[in-house]
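You will see two complexes here that share chain A, one where it goes with chain B and one where it goes with chain C.
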Partner chain A sequence: MPAERMLQFVVVGAAPAAVAIPAAAVSNVLAERDFTGTALDLRELGTQRADAGGHVLLVRGAGAPIALRVRGELDLLSARETEVLPLPPSLGHAAWMSHLIAPRGIPLVLVLDLARLDESHTLGCPWESHSVEPET
Partner chain B sequence: MDAHVLPIQLESNWFFIEARHVREVLGAEPWLPIPRARAELPGVVVWRGRAVPLVDLARLLGVAKGAAQSRPRTLIVRHERGVAALPIDAAREVRRIPGEALKPVQGGLVPYGTRELDEQGEILTLIDLEALLSDLDRASGANGDAG
Partner chain C sequence: MMSNLKLTARCILTFAVLDALFNPLLMVAFVGLFRIDALGVAAFILPLLVLGKILVNSLFLSSELSVYERATGRNERGREDLLLSADRALQRLPQRFGIFYATSWSLTYALAFLAVYVLVPGAFGPRAIDAAGMLVAAVWFGGFAFGFPLAIMLTTAAASDCSLKARERGIVLDRDPIGLQGRIGFVALSLGLGPTLWMMALGYMKEVQAATEQRGTLSALAASEFAARVLADGGSTTRFAEEFRLSHRARGVERAVALISDGSLKPLTQVGDVDPISIARDWLKVEVERNPAGSWAPRDRDVSVSFRRLGQNQIAIALVQTSQGASSSFLLSAGVFALIVALWAPLCAVILARAVSLPIERLTRAAREIVEEGKQSEMATLPVARNDEVGILTDRFNDLLDLMRDLGTAADAIAKGDLRVAIQGKGELPDAFRGMLGSLRGMVHQISETSVELGSAATEIFAASQEQEAAAASQSSAMEEISRTMDSLSESAAHVSEAVRGVLSNAERTLDNTDAMVRRISELSTHAGRIGEILEVIREIADKSDLLALNGSLEANRAGEQGHGFALVASEMRRLAERVTASVQDVKRLVTDIRESGSTTVMATEESRRLAQGTTEAARQITFVTQQQRSGTEQVSQSVKGIADVVTQAVSATAQTRTSAERLKTQADRLTDLVRRFETAAERAA
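Moving on, here comes the complex of A and B:
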């Protein structure tokens, strides 16, 4: 029997507010202070702690790379393909989340809907783009 | 025609739902909150390897006092567009109610109530779960499978 495929995710923040991004789509991770440019502000996700560290993730889909500004600890998560479940549209649509990672049937973390972000070029998405300046 | 119904308890109120919708009655299930979700659809549970929306039925019926996640039972139901998980306080065995005993609801005080049974002064309302979940789906902007 072939081995089950494992999928890797970058997880931002801690449960139950954590959010996951497919690691294959993340091309770079920068400390917030090292980034200059426009980033989509996802800091409301991941953690409620205002003092948590900030990062910018550069992600690429079919279109232009998107910079995501996030807040909270970063971690890597491996999950079996069968543990990554598509979210029903009634839940995923408004949240801009595409999947749920549920090891052993326990709902753990939601996966950001990168395809939708990519397709829409963030049009209509709930997060705003802001310019981020490096600290001086 | 006789109705096969499952009595369910939400807070101190008992309601009927049609037994044909019911797939399983579970204990309190772990669930994950969904950011920016409607209050009636606060989260997601996992049932038989699929992500299933958690529907706060008590809130939809206007009887919620506690939070959905604090209820000790989870009812898994199937409807035309998918599957949903409903936190409830208790359920009894499925009953067969003679059709003539179920009367049209008086006054429409219970949302989605279609018929009611007067049981020694206690009124138990039959909820149209199909309509309730379809409306919720439409309101959430979903175009496809609801679960």
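Moving on, here comes the complex of A and C:
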């Protein structure tokens, strides 16, 4: 029996509001104060803690790279491919989530649908883009 | 107008007018006494002498009344000795001036007689000296009869005024008792003897004059009769003369002599024992040349000589000498009458005066016994002889005596405690007695009630005094205890003061230590802050390391199997960074705790500092207060000792009060007993 493929995800925040982003799509992780430019503000996802540290994730989607502004702890999650379940289109499309990770022993984590976050597919996106200025 | 004059002026004027009125009256008496040629001298001398008399009277009155005028003058009005002297002068003036006035009139009259006697020789007729003597005496009595009552009348108002003033000032006047009977008797004697002697003198002079005229008539008749016999009969003139003598002797003529003379008054017949020619030669020489007949009857001799011409060379001359028998009998009868008047007038006056004065004396004696000896109860009712003014006065006095007896009896009953008596009668005195009795009843009632209340109050005071005495004794002991306590308190305050000084020193050291601690904690807080800054740097480094490790892990994952080892290293780095971050968080928490603890410590230290400052201030205040307390305690101790002394005195005073209350109770009981003696109408009714 061949070994089952492992998929890596960058998990933002903590359960039950944690959001996972496929690690292969993340090209760089920056501290929020080190980033300059426009970022999609996803700080409402991942955690409810206002004092949690902010980060900007540079993600390679279908088009140009996207900067995602997130809040909360960042962690790496390894899940078997079988544990990554695609969401039904009717459900995932509305939540801008593509998959559900259901690993053993940990809470369920939704996977951000990066494909729709491309610049060309951001129409109707619930999250807004803002410019982020580095702290002086 | 007379009332406005001073008393001296009134007296002088009154008696001067009286003297002026008497002057012509006295001149009347001279007519019968003097020859007509002497009357002019008398009419000139008598007014002069009267004027002198008025002057002397004025001097006498001025001298006698000078003290009264001084006493009533403005400057001396308040002097007691002058008032007494003035009253004495007024009392003695009527008698002294009455005598002086009568004597002055007698002397004036006597001097007038003497002056006429000296200045006009032969002015007096026969027996004129006797009449003059009677007139002088009559004038004396008449002068006294006028002068004495008038002097009394003039001085009565002034003497009454003196009496009132003396009574107002409480001065007893020095007045000798005067017998009313004697004064009235002597005035009556004067009133009787004055006119009697006056009329007696005038009658005597008329008698002498009538005898003289009779003598002249007899002698003229005798001369005419002798001449007629000689002419008719031509007989012996000697025989005729003898018959003439005898016939006239038979008529009561003491001596009758008749003779014939020639024209040159040479006797032609026997002369006899008395020679009429030698007696009346001067008169005969003049008259026989002028008239055919004439008669000569001199007043100062008891003979009368008459003549009648018988022809050219013969003159019948007759002498008649009459005795003074008629005048002597008049004098005798007049003297007896005067004696009767002198005896009876004062006797009548005394009898009448006694009829007035005796009841008045009885009234005076009774009044004196009532006033001075208070014997109105023993005083018998005074007899009333007649219903005249004195009798009415005596009757009213008896009424007054009865009223006083009734009041005395009532007063005696009141004095014995019987207030039930009833006062009879009308008037202010019975009304006043009734008012007094009413007030006394009310007063006794009030005293009775008051004495009961007083006794009750005295009992309460006695009990209260006992309690107060005990309380004061206890208070005295307490004061002594307080004094000792205050002494002890003073010593304790000294100890407290010492202890507080130690507390102050410790508090000041604590304050210094607290300040040092605050400084240390502030430094610690500063260091903790710097540690926090360093930790923040470490945390940032850990975060960056974590991100580097995360990015490394991502890169390792993208590298596949080749990056597996790197992924492990990156994973370890991440765990290390997370551990550093966690440690930093722990250290930060510790630093935060340290800073919070430092802040709390600083706050606590600040509180301790404030407490230490408060303690220091309180210790200083305690030291000050303790010193004051010690001083105050010593003063209080002294005061308490003073109070203890006062309380001791109060104990003594309360004991005296208790004794006094005891005596007051005794007096109240006695007062109650005394009041019980009074029997009032209310008690009687009860």
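Please note the rule applied: the second predicted complex is superposed on the first by the 129 of 136 C-alpha atoms of A that agree within 3 Å, B and C clash if a C-alpha of one lies under 4 Å from a C-alpha of the other, contacts with A are read in each partner's own complex, and residues count from 1 in each chain.
Just so it is clear, a residue touches a chain if its C-beta (ideal position, glycine included) is under 8 Å from a C-beta of that chain, and two chains touch if they have at least 3 such contacts.
Quantities reported herein were computed from a predicted structural model and do not represent experimental measurements.
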{"item": "Side-by-side fit of chain B and chain C on chain A, or clash", "value": "fit"}
{"item": "Which of chain B and chain C A:Leu74 touches, first, second, both or neither", "value": "second"}
{"item": "Partner chain(s) touched by A:Val26 [first = chain B, second = chain C, both, neither]", "value": "second"}
{"item": "Chain B versus chain C as contact partner of A:Gly53, first or second or both or neither", "value": "second"}
{"item": "Residues of chain A touched, compared between chain B and chain C (which is higher)", "value": "B"}
{"item": "Partner chain(s) touched by A:Pro88 [first = chain B, second = chain C, both, neither]", "value": "first"}
{"item": "Where the C-alpha centre of chain A sits as vertex, the angle toward chain B and chain C in the overlay (nearest 10 degrees)", "value": "90"}
{"item": "First, second, both or neither for A:Val10, with chain B first and chain C second", "value": "second"}
{"item": "First (chain B), second (chain C), both or neither touched by A:Cys125", "value": "neither"}
{"item": "CA minimum distance (chain B, chain C), superposed complexes, angstrom", "value": "26"}
{"item": "Complex interface listing, chain A residues touching chain B", "value": "15-17, 44-45, 82, 85-91, 93-95, 97, 99-100, 102, 105-110, 126"}
{"item": "Contact set on chain B toward chain A in their complex", "value": "30-38, 41, 43-46, 49-53, 82, 136-137, 140-147"}
{"item": "Contact footprint of chain A on chain C as seen in their complex", "value": "543-544, 546-547, 550-551, 553-554, 557-558, 571"}
{"item": "In the complex with chain C, residue positions of chain A that touch it", "value": "8, 10, 23-24, 26-31, 53, 55, 74, 76"}
